[in-house]
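What follows is a set of structures to go through.
Note that subunit A is present in both complexes that follow, paired respectively with subunit B and with subunit C.
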Partner chain A sequence: MIRAEWTKLRTVRGWVAALAGGLLLIVAFSVAPGAGGTCDETCRLPTGPEGQEVTDAFRFVHRTLTGDGSITARVTSFTGERDAGPGRSEPGLVPWAKAGLIVKDGVRPGSSYAAVMLTGAHGVRMQHDYVHDVAGPTGPRTPRWLRLSRDGDTITAAVSDDGNRWRTVGTATPDLPSTVEVGLFVTSPQHAEVSTKVFGLSGASGGPSTATATFDHVGFEGTTAAGWRTQQIGGPSATSAVAGTDGAEEPRPGPPQPASRSSARDGVFTLTGNGDVAPAVSGANGLGFSVTRTLAGTFVGLVPLVVVGAMLVTAEYRRGLLAVTLAATPRRGRVLAAKAVVIGGVAAVLGVAGAALAVPLGTAVMRGNGLYVNAAPTSTVVRMVLGTGLLLALCAVFALAVGTVVRRGAVALTAVLGLTVLPYLLAMSVLPARVGDWVLAVTPAAAFAAQQSAVEYSFVDNLYVPSAGYFPLPPIGGLAVLLAWTVVAFTAALVLLGRRDVR
Partner chain B sequence: MTDVVRAEWTKLRTSPATVWAVLAVAVGTAALSALAVTTVRCPCAGDPMTLTLVGVQLGQAVAAVFAAGVIGGEYATGMIGVTFAATPRRPAVLAAKALLVSGLVGGAGAVGVVAAWAAGHAALDTGFAARPVFGSVLYLVLVALLGLGAATLTRSSAAAIGLVLALLYVAPIVIGTVGDPDWKRHLRQWGPADAGLAIQASTGLDSLPIQPWAGLGVLGLWAGAALLAGAVSVSRRDT
Partner chain C sequence: MNIDVTDLSKRFGPTRALDGMTFGVRPGLVTGFVGPNGAGKSTTMRVILGLDAPDAGTALIGGRRYRDLRRPLRTLGSLLDAAAFHPGRSARNHLLWLAHSQGLGAARVDEVLALTGLTAVARKKAGGYSLGMRQRLGVAAALLGDPPTLLLDEPFNGMDPDGIIWMRGFLRSLAAEGRAVLVSSHLMGELQDTADHLVVVGRGRVLADTTMPALVAEHSSLERAYLSLTRGAVEFR
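Our next item is the complex of A and B:
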């Protein structure tokens, strides 16, 4: 019976052309968005010890430590300044501004580290190797004592209110050599917020920020080769001045950047920094384009698949062929299942093939044009490719089911595209971010989460909004929502097909 | 010509799909807008008028389906052969259909858009602006004509709807991913949905890629081109 349905599908020339066109469109649009850029080797993000792209820019006052040892300091003040619209700035720390102590494998951006820090609004934290974050005590920010000690491979972070009674924040075992750089650091990431009062992309605001911290009672134990040195790790430009964010916002000129600076007087250090020590993110606070962009053609390829999916049954209704089909196979449920297997299988193969071609081709074209494309792990790319196949297969079966229910190709098509593509379009354009998130969690459009390549981190401020490539649901969850819609529609189709007359 | 219009009107009037479509254009437009405006509270930094009239994004699909079905349905059932036998001046049939579709979608659209505006005004205090409100009605009419032209060209409602919805829903998404700002701007000036919906803007006209009436004109060009191509092909082709 599957062969019978396959024969029907493959012998309609227009349908075959539409399906082949769908595949072509998926691939063609992956190479189309390649606009020109001026990115070369110099605007590459560093890679952290665990393979992620990272941001590593901060003000660093440090000395060399060989073997075991510790550093202690009191933070007496921690203030900041942030962008407040074009050309203006206002005082205030951004939530993830950081000031504290760090032990690092040299001064190369992207190298292994462990740090204990005060943050703008998230209390004391211990972080290491960019993607690990442990919360310490909250409470009043300054003055506060911090200590970072090394014992073999283990780094221990501790905090104290008075310098006598210490409380351990956490321990970590980053892969550090025996000689490391130890010292004070200050940094402050781009600030970003979503206003609920504003719609769509214009609801996002943000800009550069700086933080200034004063340290005293700096104590150092251990073997050192040299005195204190001051250095800017990374560049402020690495996080704020490179054009090309993934959202639709153009980079906005912020207030004049105060040069990162530091001063030391009578054992009191004052550091001003800008940047972040964290995993890199896509979107407003990120840099470059995500791999997801190469799959923009999925939306175009989806249309012919949905057309064929709906017409596979509505055309039979229209021409009366369904009566013949059902006379040949009186078990009507099986006919519908066979159709679903055929169109779903074809859509899955086309989706996987299209995405498997589109991702490497599109990435190569964008890189060739000088655009910076965020690296995605192979596992993510595989998930995106398979997810695209599943997404298209489910949409095609969904269209088949809706077509069986409404028995009109054009109406079924409108219903399916209106439920899958329209919510996505509205979430990207006019809806406020919060509502867009909701819409992309309950409609079949949730399944586009399978194509998300950007990773969300709870300890990195960013606009985690759909327009920046962040879906509210995880890939599996998004596909499950579409699956649920498809199952409901398919069940309704089975019931109605069983009950109704065929004409 | 009067006879042709009367004949087409009889066909439309007696089809149950017409009543449903006209209702759905009005209700769909008003309902999506009413839902959308409950999600925000003003004063708002964005343009509340575009959110108020967002229901047009749903209403346009219904309008296009209806218009495509007006001729696509005849091709599906073979009725078109009878129609053309009765009226050998085939473009006149198309013109009569376009006239009636414009009237029906215009009427239903006006009800839907005004209801949408009323809901938006109640929730967001947008005030009245003639260009966005009446322009949205015109937008719906032009989209319907685009659907009619596409269905005449493809001789199939489903294929026509696939094309029209690809232009209205998919093109803006794909244009949004274009990296080069100049290209993006040019594409937004020529995409039927992006250009046509400029008519809904009530503030910040300077930052629009295309001015409101010019944008609606672009959509008019799309609809006109589709109808013209439909008229030419219908005269040359077999039914």
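Our next item is the complex of A and C:
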């Protein structure tokens, strides 16, 4: 029966052309000329110790520490300034502005570290190696005492209100050499906000920000080879350097960057920084685009697949051909299953082939256009490619099932496209973020989550919106939603096809 | 192999489509299945093929229900609707998928194409076929499994005189090979020189089930027999 259905599919020229067209559309969208950027080969993000791309930019006042030791400091003030539209700024810390102590494997961006810090709105945190985050006490921000100590491989972070009674925030064992750089750091990421009142992403606002923190009672225990030095690590370089700077920075062309500076007087250190020490994100607060963008043509390629999936049965209803099919195979469930295997299999192959072509081609084209494309691990790309195959296969079978239930091609197509392509398109364009997330969580379009490349981090501010490649459900969860719709529709199709007279 | 229809009943809403329909189709004979429009001919055939479910009664082919047949086209070949194909598919490909569904190959497809005189146009899109060619394609599909029983709904529809003559001879030869052939028509004249046996139906039940000579003997002609039998069983006259 599968062979018969396969023969049926391949002998209608229009269907074969439509299926090939679906594949072409997916690939064509990935190589279509898009927006340009100014990124060249030098535009790269560092890679963290656990393999992720990271942002590693902060103001650093540091000295070496060999072997065990500790650093203690009191943060007496922590303020910030952020962009408030063209040419204006307003006072205020962004939620994930950071000021605190850090122990780091040298000064190379992307190296291993552990840090304890105050944040703009998330209390005291201990973080290490970019992707690990532990929450400490919340409450009034300053003054607050922080301590970072090293005992062998273990880094312990502690916090105190008075410098006497200490409370451990957490411990970590990053892979550090015996001699490390320890010191004070301040940084402040790009801020991003979505106005919930405004329709669409036009309500999003954001821009650069800076943070300034004052440290006193800086205590150091351990063996060191040098005094305090100050330096901007990674990212936008400093525009000024004061007392104790290494003076190694060069002015950088382009738009003026927020100031990064530090000063030290009578044991009081004041640091101003911007940037972040965190995993890199895609979209508004990141440097680049996620690989997901190369698969932006999937929804267009989906249309012909859905059309053929529905036509496979509605065309038979329309011509009375279903009577011939069921006279040849009276076990109706088998006929439906054979159709599902054929169109599902074909859609899966086309989806995998289309995505396998679109990802590398699209990435190359975007890079050629001067856009930065966030790196994705091979396992993620494989999951995206296979996920695209599953997405198309399930949608095609869903269309077949709906077509069987409603028996009319136009009705089936309206329903299926209205439940898959339309929610995706709306969520990608005009829907407010929260509504878009809801739509992409409950409709069959949830399965587009299989194409997510970027990772969402709770401790990195960003606009985690579908258009930036962030879906509300995890890949498996999204596919499960589509699977559930498909199973329900297919069950209804089996029951109705089995029960109804064939007309 | 016989086709046995016993006490079939079926309603469509308030309409009684079948009302105790009972008759048999014997091997070696062409059985004509005649009656006015709406008499239940097509519904009976659809019930035999398992496409419509009867409210009561049975339809058996060689003692078995159609839906229990493993390769049904090898037991009962059927033509219900000559337009039932995808217009974009060639006749050969239409027969090819049908053959594949019965575990048959392309060789058998070419045989039935030759048998029905379609070889020359086999690779053309069936959507461009005349009604007569469509009937031939339908007959080819019915013969695909070389079945001992055949069921053809209005095979003369739309055929030109040459086609009608061909079809008559063809049906007779199928019966001569020992097959049981049931042919429906609402025009008596078409069956006059073809059928050995006649089942006349009206309003969902059998009005007469007799041999052609007996019917002609009783009434002076087939036309008259038909008119007198179906009087009162016709919806609009």
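Structural remarks
Operating definition for what follows: the second predicted complex is superposed on the first by the 474 of 503 C-alpha atoms of A that agree within 3 Å, B and C clash if a C-alpha of one lies under 4 Å from a C-alpha of the other, contacts with A are read in each partner's own complex, and residues count from 1 in each chain.
The rule is short, and it goes like this: a contact is a pair of C-beta atoms (placed from the backbone, for glycine too) under 8 Å apart; a residue touches a chain by one contact, two chains touch by 3 or more.
Please read these numbers as outputs of a predicted model, since none were measured by experiment.
Considered on the superposed subunit A, subunit B and subunit C are sterically compatible, since they fit side by side.
In the superposition on chain A, contact of A:Leu496 is made with neither subunit B nor subunit C.
Residue contacts after overlaying the shared chain place A:Leu24 against neither subunit B nor subunit C.
Once the two structures are overlaid, the count of subunit A residues touched is higher for B than for its counterpart among subunit B and subunit C. Using the contact criterion defined above for the overlaid structures, shared-chain residue A:Gly297 touches subunit B, although it does not reach subunit C.
With both structures placed on the common chain, the touch criterion links A:Val268 to neither subunit B nor subunit C. In the overlay built on the shared chain, the residue A:Phe289 is in contact with subunit B alone; subunit C does not reach it.
Legend: residue contacts after superposition of the two complexes on their common chain; A:Ala327 is shown touching subunit C, with no touch to subunit B.
Once the two complexes are laid over each other on the shared chain, residue contacts for A:Thr7 go to subunit C alone; subunit B is not touched.
Between subunit B and subunit C, the minimal CA-CA distance in the chain A superposition rounds to 9 Å.
Counting contacts by the rule stated earlier, residues 14 of subunit A appear in both its interface with subunit B and its interface with subunit C.
Those residues of subunit A that touch subunit C in the shared complex are 1, 3-5, 7-8, 11-14, 315-316, 319-321, 323-331, 501-502.
Contacts from subunit B toward subunit A in the complex involve residues 36, 39-47, 50-51, 54, 57-58, 61-62, 64-65, 68-69, 72, 76-77, 156-162, 165-166, 169-170, 172-174, 176-181, 183. Chain contact summary for the complex, subunit A toward subunit B: residues 14, 18, 29, 32-37, 195-200, 202-203, 244, 248, 250, 289, 293, 296-297, 299-300, 302-304, 306-307, 310-311, 314, 318, 366, 371, 408-411, 413-414, 417-418, 421-422, 424-426, 428-432, 434-435. Those residues of subunit C lying in contact with subunit A across their complex are 46, 49-53, 66-67, 69, 72-73, 78, 80-81, 83-90, 93-94, 96-98, 100-102, 141.
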